[in-house]
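In what comes next, subunit A is part of two complexes: it sits with subunit B in the first one and with subunit C in the second one.
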Partner chain A sequence: MPRFMKRLNSFTALILLLLLVTACGQTGSNNQAETPAANTGTETSKSADGSITVEDATGTVTLTKRPERIITMEFSFADALATLGVQPVGAADDDDPALFMDEVKSKLTNYTSVGSRYEPNIEVISSLQPDLIIVDLVKHKEVMEQLKGIAPLLVLDDYQADYEQMLKNYMIIAKAVGKKAEGQKRLEEHEAKIADAKSKLQSTDLKVLPAVVNPKGFFAHSDHAYTGSFLAKLGFTDPVKDENSYPQLTLEQLVETNPQVLFLMPTEKETIVNQWEANSLWNKIDAVANKKVFTVERRDWSLARGLIGSEKMASDIVNSLGK
Partner chain B sequence: MISSSHKGKQNRPRFLLFLFSVLVALLAIGILCSLKWGQAPVSWGALWDAVSYRTHDKTSLYIQTLRLPRALLACMVGVQLALAGLLTQLLVKNPLASPHILGINAGAAFAVVFGLVAFADLSMMSTVAFAFFGAAGGAALVLSLAGTSRNSYVRMALAGITIHFLLSALTEGLIILNQETTDSMIFWLVGSVSQAAWKDVQLLLPFFAAGLILAFFMLPSFKLLQVDEEISIGIGGRLSVIRIVGMLLVLLLAGSAVALCGPIGFVCLIVPHIARSLVGGRLTVLLPLTGLLGGVLLVYADFVSRFIAFPYESPVGLLTSAIGAAFFIYLARRNGGAAA
Partner chain C sequence: MMNKNAISLLAAFLLMIILSVVSIRVGAVSVPFKEIWLTLQTQPNKSFFIVHELRMPRVAVAILAGIGLSVGGVILQSVLRNPLASPDVIGLTKGAGFLAAAVLFLFPASPSYWLPLAALAGAFLAFALLLLLTRRLTLPPATLALVGIAIGAAFGAGTQYLIVKHPRDISLALLWLAGSLWGRNWHDVWTLLPWIVILLPAAWLSFSKLNVLQFNDMTGASLGLNIFRERFLLILLAVALAGICVSAVGAIGFVGLLAPHIARSLAGPRHQRLIPLAALIGADLMLLGDFLGRIIIAPREVPAGIMTAVIGAPYFVYLLRRERRMRSTKQA
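Moving on to the complex of A and B:
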């Protein structure tokens, strides 16, 4: 009898564990009403028969008409659509709309989450009956065949893209959704904003290091990362030169690298930096000694990677380093 | 178990003295190397100034606040994991066992990932606490499934592997469902001492000391685990008590190490075997040798792991797993041939 009880107890423990886990999975999901949204912009299509042809990362994509039910699989694609006044019907947001920048989110009023950017929910994507899906060359390699069966794909190299590549991607998206003129105009606006930000910066002869910090590590954004290339565009130097976009640094390496400005993107409230601050080596970093350590939002700097995101980065930089 | 004639020769005091002094020397050299070579170049003179605490410039601080605690932590964790491995192998009478079959690694990993998902702002200290209690929970789960009754070795191994995979599956599930919050856990899941600070050494020290003292006092009792169950009961050993204490000791040693550094693979498995092949199965010698060897191995593994992707760190668990996996196949094949 006691043996039976013992067994029963352990089974109850297991079931409790399972329940806990499922409960956790659900807290993240949000219930977006499934209301298809049409294009809000009004403009004329370029081609005579209304068909659109663009070159993406894998070849030529021909769309018979201007797409109206678009699904974005990366934050930067949603950013691009938001600037063009196009509403995606679905977007991969890792089940957390808070990961969108506020400005982007306010423009995406009615979208259905298709789940994680890494493991998108194919069923939801299919049920939205899209006529264009914008995917990343690297991240969505595995599901590309499946998605092709649902709708035409626009494949862009976003994950490994630097700033210039992002601008090219932006124009491809603008063309694909039939808003080439608007795209061009918005791009010029963007370039003016960046030039304006640049003019407000006194000296750009600085070693500026952006980094994501979490409780376990300090992940520098190297000159190959999107943020690093954007800083280079503004005239700064990213002191971490590496093929790898996000190498992890130890305190010793950071002190050796000795950046003059640090932009930290914390994932949690308490990160490894709290530990490092207790070490007197931390104060030997020029950025710390000169009080040039700034905290910025990771979703703006690292996740967004679009026009709106870059403009936010520029304004953050001007606020921190401008005259 | 022991081919007595030549192992007997090896147990001569002079040989043992030689062996232990060589290992202590190796350990000292290993720690010295860890202090000397890292990302920043340090000259011998600066190293001497730093360890004698005469200077407090940048270079000295590297050594005093980063490299020294790191080397010590690697050594302590190595000792703890190796001892935990030896004890587990004795407890479940299975030479291929390591503490993960008691659910310790998987329990700790699950608890940490669960904590990160459930509580948005988990402090460093509470992560360690979560991991330790997760390890304890995993062990308790395995024990409650297997029981401590006689001849439960096979059941223990099966229950252990079952719980290990169940908890690992749940952990994976949590990671997939919460990509953003758990990104940082990937590094923890391989095991590393690269971020060690004095605080970590302080935190581990009580576990380290208590574990060693307990192991020392339980040494005579643990010898009973080596003989057949019938015989040890015949001598009057209270096997179930010994096994529970052994289990707690494994938890104390492996649980605290895993909580602090993540699961560092295969140290627990391979070190006891190397030690056994050097001195045979006599526990009075085997136990301290296993501990010492574990410390030496991890100090060197940590040192080498710095140079795999220089100047960036690679988790030391990656290196130990790579060595360990090859060693495991060798062991399994050899033991498969001979009656173990």
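Moving on to the complex of A and C:
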């Protein structure tokens, strides 16, 4: 028996070693695929034969002609097309059109739902015969090879994007659909709107905290998150200063960070805040004491993540805090 | 005259063919048989992509994963002599799930092939821990199962921690943990196929050892088997079979529990019959679960792991009740 034990021991070690080696070997050989992700270049050209070249999150995309049958796999991509007056033939909307902001929905008149944003229905996508699919770098990486067999892809990093990244993505989309000039113009309009909103705010020297609240918890959106980064852009201060995008806070932690303004995005009617309101600690928060707790639509503030969504956020903020 | 065993084998095989054809025919986009026929003659028409690049690889992955999970389950149930044993019970799917969740949460931008590799590593990590904690599997089978459950619980807790810590990203992780065939392609088929082609015959050729080991250690030893070595090799075989499947389709545990039970009730305890039948039934279950999941709320999908549990659980209860009734009538 002991000799067999020894053999068994070395066998176990061998398995572990093998796993390690295969894991290392794989990382080495495929590194170059990852590097262009950081590159969100802006160079594009529209050549004489009408083809379009654009840099996306993974490299250069060349389209032989201006795409006409486009499928969007995220809300912000549909938002971008809506501002450019382009109709997608298909959109991932989690099979619930109500998740689009009213303004976006009114502009998307006739699209086919391709289902979930996480697991979009590839059969439906293929049957729509698109000539461009706008996908997310993270969410859709498992199926990019399959989707490439259907149509050229425009890969953008929306999942991890902050506000600045969204603006870059917007221009990439505008160029890809052959509407660079319109996009530029709309972007300037957007910047004017945001600057106008900023001027309507008396002071931005405030600690403002946006947070998603559900029955189970309070999830702050720090300035690493999209909503938080937008508030930081307006000049507000992020009171949580967390390296995570969506740190969960207890009531005690919330009292300690003590925001002066709270924007709550409830997922349903009854949330944890209803319980907290009965707690005397809740009233110690500056935002609560000064009646600066506002409820806003999670759909507009957290899901939309586009120009229209950000403008809605800005106007909500002006309505709440402006003169 | 065909015997009962041959009939069940044939029925399970025919069911597999029928389910495969139906899976290719029906979905969010309907492809008439005539068009399927045309695509088979490599006439590229508008359904070619759906049939060849989406549905066919998906059907192939469902069959291969069903085979691997259920044969892995048969081996574990016999070697551990525990009717509740499955790839779940020795912590395998939980280990795979933990490392997969770690990749999804901590390295969201990692290239897509990391996920199956991490899952496979997690399955073998759970097995390595089992070896360490059970004096290299020399403890009694019941203890092995308990240690496996403990390892699984620890990994499960780790996964839960990651989910609680990263509340926003959970959709991707929950989909993987439920087990899904969404987006599986030929690449997944070619990754699975060689493993199944090598390991399935290896499992079948071990039938005589499995037949002996399912009784008790004394019998095995008296028949000249090196119990500990055989047990180790067989569990390793089960881990490899189930681990590679879990890495391809996610933590679908229930197939590995249910298919062996159905097969056992039809083919009896002899593994030369049990293993082929369990393999086919596992494939049937996966195909059925994936097919229903695809059409039930189209264009969205219910993960195959959830559907196999939904259709499998009631049948499992029925099976257990019937078994008990048969036992009580035998005694009376």
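Going forward, the second predicted complex is superposed on the first by the 277 of 323 C-alpha atoms of A that agree within 3 Å, B and C clash if a C-alpha of one lies under 4 Å from a C-alpha of the other, contacts with A are read in each partner's own complex, and residues count from 1 in each chain.
As a convention for this text, a contact is a pair of C-beta atoms (placed from the backbone, for glycine too) under 8 Å apart; a residue touches a chain by one contact, two chains touch by 3 or more.
Note that this is a predicted model, so its numbers are computed, not measured.
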| item | value |
| --- | --- |
| Partner chain(s) touched by A:E256 [first = subunit B, second = subunit C, both, neither] | first |
| Touching partner for A:E119 - first (subunit B), second (subunit C), both, neither | both |
| Touching partner for A:Y246 - first (subunit B), second (subunit C), both, neither | second |
| Partner chain in contact with A:T109 - subunit B first, subunit C second, else both or neither | neither |
| Touched partner set for A:Y159, first subunit B, second subunit C, both or neither | second |
| Touched partner set for A:D94, first subunit B, second subunit C, both or neither | both |
| Touched partner set for A:V138, first subunit B, second subunit C, both or neither | second |
| Which of subunit B and subunit C A:P215 touches, first, second, both or neither | first |
| First (subunit B), second (subunit C), both or neither touched by A:N279 | first |
| Subunit B and subunit C contact sites that coincide on subunit A, given as residue numbers | 9, 94-95, 116, 118-119, 217, 248 |
| Residues of subunit A defined as touching subunit C within the complex | 1, 4-5, 8-9, 12, 15-16, 19, 22-23, 26, 30, 33-34, 37, 94-95, 113-116, 118-119, 121-124, 126-127, 129, 137-139, 141-146, 149-150, 159-160, 217, 219, 245-246, 248 |
| Sites on subunit B touched by subunit A in the complex | 38-40, 56, 58, 61-62, 65-67, 114, 117-118, 120-124, 127, 141, 144-145, 147, 166, 170, 173-174, 176-181, 183-185, 187-188, 194-195, 197, 199, 311-313 |
| Of all residues in subunit C, those that touch subunit A in their complex | 27-29, 46, 49-50, 53-55, 108-115, 117, 120-121, 124-125, 127-128, 131-132, 136, 164, 166-168, 171-172, 175, 180, 182-183, 185, 187, 226, 228-229, 232, 297-301 |
| Parts of subunit A lying in touch with subunit B, wherever the complex brings them together | 3, 6-7, 9-10, 13-14, 17-18, 20-21, 24-25, 28, 94-96, 99, 116-119, 214-217, 242, 244, 247-253, 255-256, 267-270, 272, 274-275, 278-281, 284 |
